[in-house]
Amino acid sequence: MPVRIQTEDFEAGREIANLRRDNAAVGAIASFIGVVRDLNDGAKVAGMTLEHYPGMTEKSIAGIIEQAKERWNIHDALVVHRVGELKPLDQIVLVAVTGAHRGEAFSACEFIMDYLKTHAPFWKKEQTPGGSRWVEARESDDVAVQRWQSKA
Amino acid sequence: MPVRIQTEDFEAGREIANLRRDNAAVGAIASFIGVVRDLNDGAKVAGMTLEHYPGMTEKSIAGIIEQAKERWNIHDALVVHRVGELKPLDQIVLVAVTGAHRGEAFSACEFIMDYLKTHAPFWKKEQTPGGSRWVEARESDDVAVQRWQSKA
Amino acid sequence: MITILYFASLRENLGRGAEQIALPTGTCDLKSLRALLRARGAAWGQAMADGSRVRAAVNQDLAGDDAAIKDGDEIAFFPPVTGG
Amino acid sequence: MITILYFASLRENLGRGAEQIALPTGTCDLKSLRALLRARGAAWGQAMADGSRVRAAVNQDLAGDDAAIKDGDEIAFFPPVTGG
């Protein structure tokens, strides 16, 4: 199953090893880990709560992975995303992509992350000294995803 | 030490955890693992020997990491590269980059890998059914590295 | 009956995470469902305003104003996403 | 004396990984060192030909034909790299 939404932490090394296991056609593994920072938009962050839309979140990410597979010659992709209560230094998301060559693995991995950020239904609520606040969507994320739409 | 050349295998998860440890300003970790494939240029590969130039290899990779740090706003980077006897499915290289945001971490990680492939003194000799052969440098790797030279 | 789900700040502002309503006309589109909800006034007026940044999904696919809605559908409203 | 190192296929073709030689003139450049080695004939002629793809480093930095060489330097010759 290439998409997992869970409250538990993950071990990136083990996930990557499972993804490529016994496939000697894999020459390249690109991966990304997103982590909770202790500072966001100028405020100290003590922790955050991640909410999602069960069902649609998995479907949406599976669709993003399918798009990446149509677009690049990659073998496999995995997304693990945590929900619930998280604090600074906690891992949030892992995206890993295996392929024969590095260029396509890198592109597919960044594509999946950019689409996840803008299309997958997750919402972050941060705890700061000024109280709780819902994180605002970033324009820079919209810009990042538009790059992929202008390329052939 | 951001560059290690070693015969032993590495654990990507542990290396990444060490690289970001206790730094709550890190929000993004991009990483790449290169793996020995069992097929290259149309021939079955039973194993390979990786030779390097002790001293220059470390110096060259450290210089590539410095270039990446001048070019992008990243926190840290790590390169672990194996030498000696390797067989299909063995890990060859790990590049990991930490930063506040994903775009810069992705770019720096791919930049380091592209320069390592074309500038760091390593040579692969493959064992195939037709005997041993030195791997030829790929034009696609030169093309990959030239991309970075045309960007501002 | 259709099921409507609300997420994140929208869920908090509207004071509910889910509800079931009967479609007055049997079928409609997202635009007219928004109008129906907007007519509840107060927080609903703002959340369902035509120019609001609230997104919608029909049966778990992102959908625009002209998306058709029929009995049994699952509709969701939520703010722009911020995961990852 | 300078130290010269040879790597990978070059090391195999030339039958040596390292040697020390005295510079005839005290200093020179990479181009004239190549000419000196080329004059050994056989495999050396091919490996050190002007049009060959063999790369060179002086004191562990990649260097071109006009790079200066002086006593005590470490020079290396090797084929295009293929790591990673």
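Every chain is named by a letter (A, B, C and D) in the order it is written, and numbering of its residues begins at 1.
Going forward, contacts are C-beta pairs under 8 Å (C-beta built on N, C-alpha and C of every residue); 3 or more make two chains touch, one makes a residue touch a chain.
What you see is a predicted model; the values in this text were computed from it and never measured.
Visitor: Hey, what chains does subunit B share as contacts with subunit D?
Guide: Both-contact set = empty.
Visitor: Please check whether dropping subunit A from consideration leaves the other chains as one piece, and if not, give the groups.
Guide: B, D | C
Visitor: If every chain is reduced to the average of its C-alpha atoms, which one ends up farthest from subunit C?
Guide: So the farthest one, by centre of C-alpha atoms, is D.
Visitor: Could you tell me the distance, in whole angstrom, between the mean C-alpha positions of subunit A and subunit B?
Guide: The answer is 23 Å.
Visitor: Please tell me the distance, in whole Å, between the geometric centres of subunit A and subunit D computed from their C-alpha atoms.
Guide: Subunit A and subunit D have C-alpha centres separated by 48 Å.
Visitor: Averaged over CA atoms, how far is the centre of subunit C from the centre of subunit D? Could you give it in whole Å?
Guide: It comes to 73 Å between the two C-alpha centres.
Visitor: Calculate how many whole Å lie between the centre of subunit A and the centre of subunit C, each centre taken as the average of the chain's C-alpha atoms.
Guide: Measuring from centre to centre gives 26 Å for this pair.
Visitor: Where does subunit D touch two or more other chains at once, residue-wise?
Guide: none
Visitor: Among the residues of subunit B, which ones contact at least 2 other chains?
Guide: Residues 34, 113 of subunit B touch two or more partner chains.
Visitor: Could you list each pair of chains that touch one another?
Guide: A-B, A-C, B-D
Visitor: Can you check the complex and tell me which residues of subunit D touch subunit B?
Guide: Interface residues on subunit D, with respect to subunit B: 5, 7-9, 57, 60-62, 76, 78-84.
Visitor: Which of the residues in subunit B end up touching subunit D in this complex?
Guide: 34, 50-53, 55-56, 59-60, 81, 92-93, 113, 116-125, 134-138
Visitor: Spell out the residues on subunit B that touch subunit A in their complex, using ranges where they run on.
Guide: Listed in rising order, the residues of subunit B that touch subunit A are 11-14, 16, 20, 22, 24-39, 88-89, 100-103, 105-106, 109-110, 113, 140, 144.
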